[in-house]
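The chains carry the letters A, B, C, D, E and F, assigned in the order they are written, with residues numbered from 1 in each.
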Amino acid sequence: MPGKVAIFRKEHFNAAHRLNNPSLSEEENKILFGKCNNPNYHGHNYDLIVKVSGAVDKVTGYVIDTKYLSDIIKEHVTDRFDHRNLNLDIEEFKDLNPTTENIVIVIYDILRNKIDHHLDLKITLYETERNYAEYPA
Amino acid sequence: MPGKVAIFRKEHFNAAHRLNNPSLSEEENKILFGKCNNPNYHGHNYDLIVKVSGAVDKVTGYVIDTKYLSDIIKEHVTDRFDHRNLNLDIEEFKDLNPTTENIVIVIYDILRNKIDHHLDLKITLYETERNYAEYPA
Amino acid sequence: MPGKVAIFRKEHFNAAHRLNNPSLSEEENKILFGKCNNPNYHGHNYDLIVKVSGAVDKVTGYVIDTKYLSDIIKEHVTDRFDHRNLNLDIEEFKDLNPTTENIVIVIYDILRNKIDHHLDLKITLYETERNYAEYPA
Amino acid sequence: MPGKVAIFRKEHFNAAHRLNNPSLSEEENKILFGKCNNPNYHGHNYDLIVKVSGAVDKVTGYVIDTKYLSDIIKEHVTDRFDHRNLNLDIEEFKDLNPTTENIVIVIYDILRNKIDHHLDLKITLYETERNYAEYPA
Amino acid sequence: MPGKVAIFRKEHFNAAHRLNNPSLSEEENKILFGKCNNPNYHGHNYDLIVKVSGAVDKVTGYVIDTKYLSDIIKEHVTDRFDHRNLNLDIEEFKDLNPTTENIVIVIYDILRNKIDHHLDLKITLYETERNYAEYPA
Amino acid sequence: MPGKVAIFRKEHFNAAHRLNNPSLSEEENKILFGKCNNPNYHGHNYDLIVKVSGAVDKVTGYVIDTKYLSDIIKEHVTDRFDHRNLNLDIEEFKDLNPTTENIVIVIYDILRNKIDHHLDLKITLYETERNYAEYPA
């Protein structure tokens, strides 16, 4: 009997953000985050990859129905984040700096309790095709 | 002395398939697999990535000769699957639903005994650029 | 005042097909189309690019609203072709060989009278990333 | 003697924007531009392709030195637009709705008089990989 | 009756080269071509796109058989250029600087008389994904 | 408190090389490495992905500042390797065959002591989009 198989689903959203730690001074933020600290924001086309690993169901041949997986990503993540300003519009980033690292943890935490706990979960988020993050590492 | 290095080879094949569990009724299959159950089939450009990990040979500087790796993938997988109907033309799927999960296990089983058992093997299969699977996870 | 601007919208569909000219013999079709003539079909992930060119509207800043463009492509092309067998399920190919060339002309003819005749239209269709067609050339 | 050759240079910038026509009411903008009208902005990774066509210089084998081409794109476009809010930070969009169509015309106008008038110029701008524009069409 | 359709075929080759005009001094070449003039060569993965436009044949549904097109590209271009040093191994560049512009003209000239003169031909060559050329423009 | 996050940075360089083991005869090298052994070299556009994993800093929201990461990759790897001949110009390959496997180990060894030892490091190197290596596996 085969071991775990991983299934991946790629989604995307387009959002504005700025890197800024609200607990630091304006000057400190400017030094730490440079042009990413622009007070008027900049933005990205975020590509999101959700990896779910587990046993293959004998009846369906699925680890998880990717239609269902796509639906919960849309409902809980991309419909909430798409065409938004992460800093201003998304509750989770009101006091949290929206670095790629922090966004990927936030998305993991959102999806973790929507997916059967027998299944492993990993999130990859591309901020650009040259900068991306993965959680858990 | 360095540890294991992984080498990857990407190949592709174009195939028709439908998702269907022959042991279920027509109605049950339609509910479970939706438009993927179309009795006249649909199809995909499958991208296949074969990952082989092991020690680097001192003489060649190779984990495995990628020319040889490409040749065995072609002989045993892509020449058999390319421009075929997975359900009708490929023996392994006569009684097995060709989900991405099941295809990736079938390809792993085909290649595992063609490759030196000192080398680790992992298969990734892209059904589309947004849906893919990996085995072992 | 600036001249015409082109706007592009990319969509996709996954379909099965076989190359076959119903007016030729089985033997002639096999010689002409080789493995693409497999009677059990094979399939592709088709990427479709619709290019619309014209003047930019002063009020909206649009040549055409890409949301509207995307909607008519979905309604008239991708919802009809996706997860289908082009030869068996799509009326336009009942007597027409679904080569990339013929598919691209069929899609052009479908969309041409859904789009304002002051706007130019061009269709590009990727059968694979290495084989694609454009109409009009 | 060969005719014109086109040379292409791809650059990119990441920016925030919102679609909004300052001469319309809030309600009219919301109806016209939907989620793209979010007052807190959203953003994109813009890919910019600059095409320059002309005769090949006998001595250099160049239509234009792509190092020079890249430098003027950086100086006049991407260094100005990158990590900015197009509506708030970029003078050209103070009174102009930053649709892909309008951005591509603005970039053309910026670069047209930096490049030898014997050379033809065309600009392509990807807002996302599925939405892009070209000028002149 | 429909007008011309264009069909595209993508191939690739990996080659070494240096930019150097043999009729100039070492110093002049260094100033003109900078790091691309390295006397020990550098190299690229070249992606080649061949576009052929014409009427669609009523019997085959083809402008040109892409299998045949691929075969002549391989025989006359990629088998000759792949894993070669363009300056040293390829006759056409013995006295011609292998800029992207010059390579694209050379490939056009090679293929032009292998393809029916009723068909139009255009060559695109990617030196990198950010630098490419097209001929005729 | 969340576990480790991985952050990825993609860079690239263009280089010439040949596969050749200086301790073997010309004939043996030719048999082992085929067309990759061309004495006049061939070349590639190498894509390099550097993965760094560790805890997210509370103040910055970073595992590592990707600007800093990009700077050390440029200084120690891509500025040294770009537009070079790996066999002739790069000290590490004077007596080492520049296979993808060996290059990826060399880059790992260069970067390992530039990056905080609390952080994990993994290198992926694409020789082409179809051949790539990862270290450690």
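Just so we're on the same page, contacts are C-beta pairs under 8 Å (C-beta built on N, C-alpha and C of every residue); 3 or more make two chains touch, one makes a residue touch a chain.
Keep in mind that this is a model prediction, so the values were computed, not measured.
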| item | value |
| --- | --- |
| Neighbouring chains common to subunit C and subunit D, by label | E |
| Minimum number of chain-to-chain contact steps, subunit A to subunit C | 2 |
| Recurring contact interface, reference C-D, options B-F, B-C or E-F [over half identical by residue number] | B-F |
| Intercentroid distance (Cα basis), subunit D paired with subunit B, Å | 41 |
| Rounded Å distance between subunit D and subunit E, as computed from the means of their C-alpha atoms | 28 |
| Where subunit D and subunit F are represented by their mean Cα positions, the distance between them in whole Å | 34 |
| Shared interface positions of subunit E, touching two or more other chains | 129 |
| Interchain pairs in contact, sorted by label | A-B, A-D, A-F, B-C, B-F, C-D, C-E, D-E, E-F |
| Complex contact set, residues of subunit D against subunit C | 19, 21, 24, 32, 34, 96-102, 104-105, 108, 129-137 |
| Subunit B-touching residues of subunit C, taken from the complex the two chains share | 12, 14-17, 35-36, 38, 40-45, 82-85, 88-89, 128-129 |
| Contacting residues of subunit A [partner subunit B, same complex] | 2-11, 51, 53-54, 56, 59-63, 66-67, 120 |
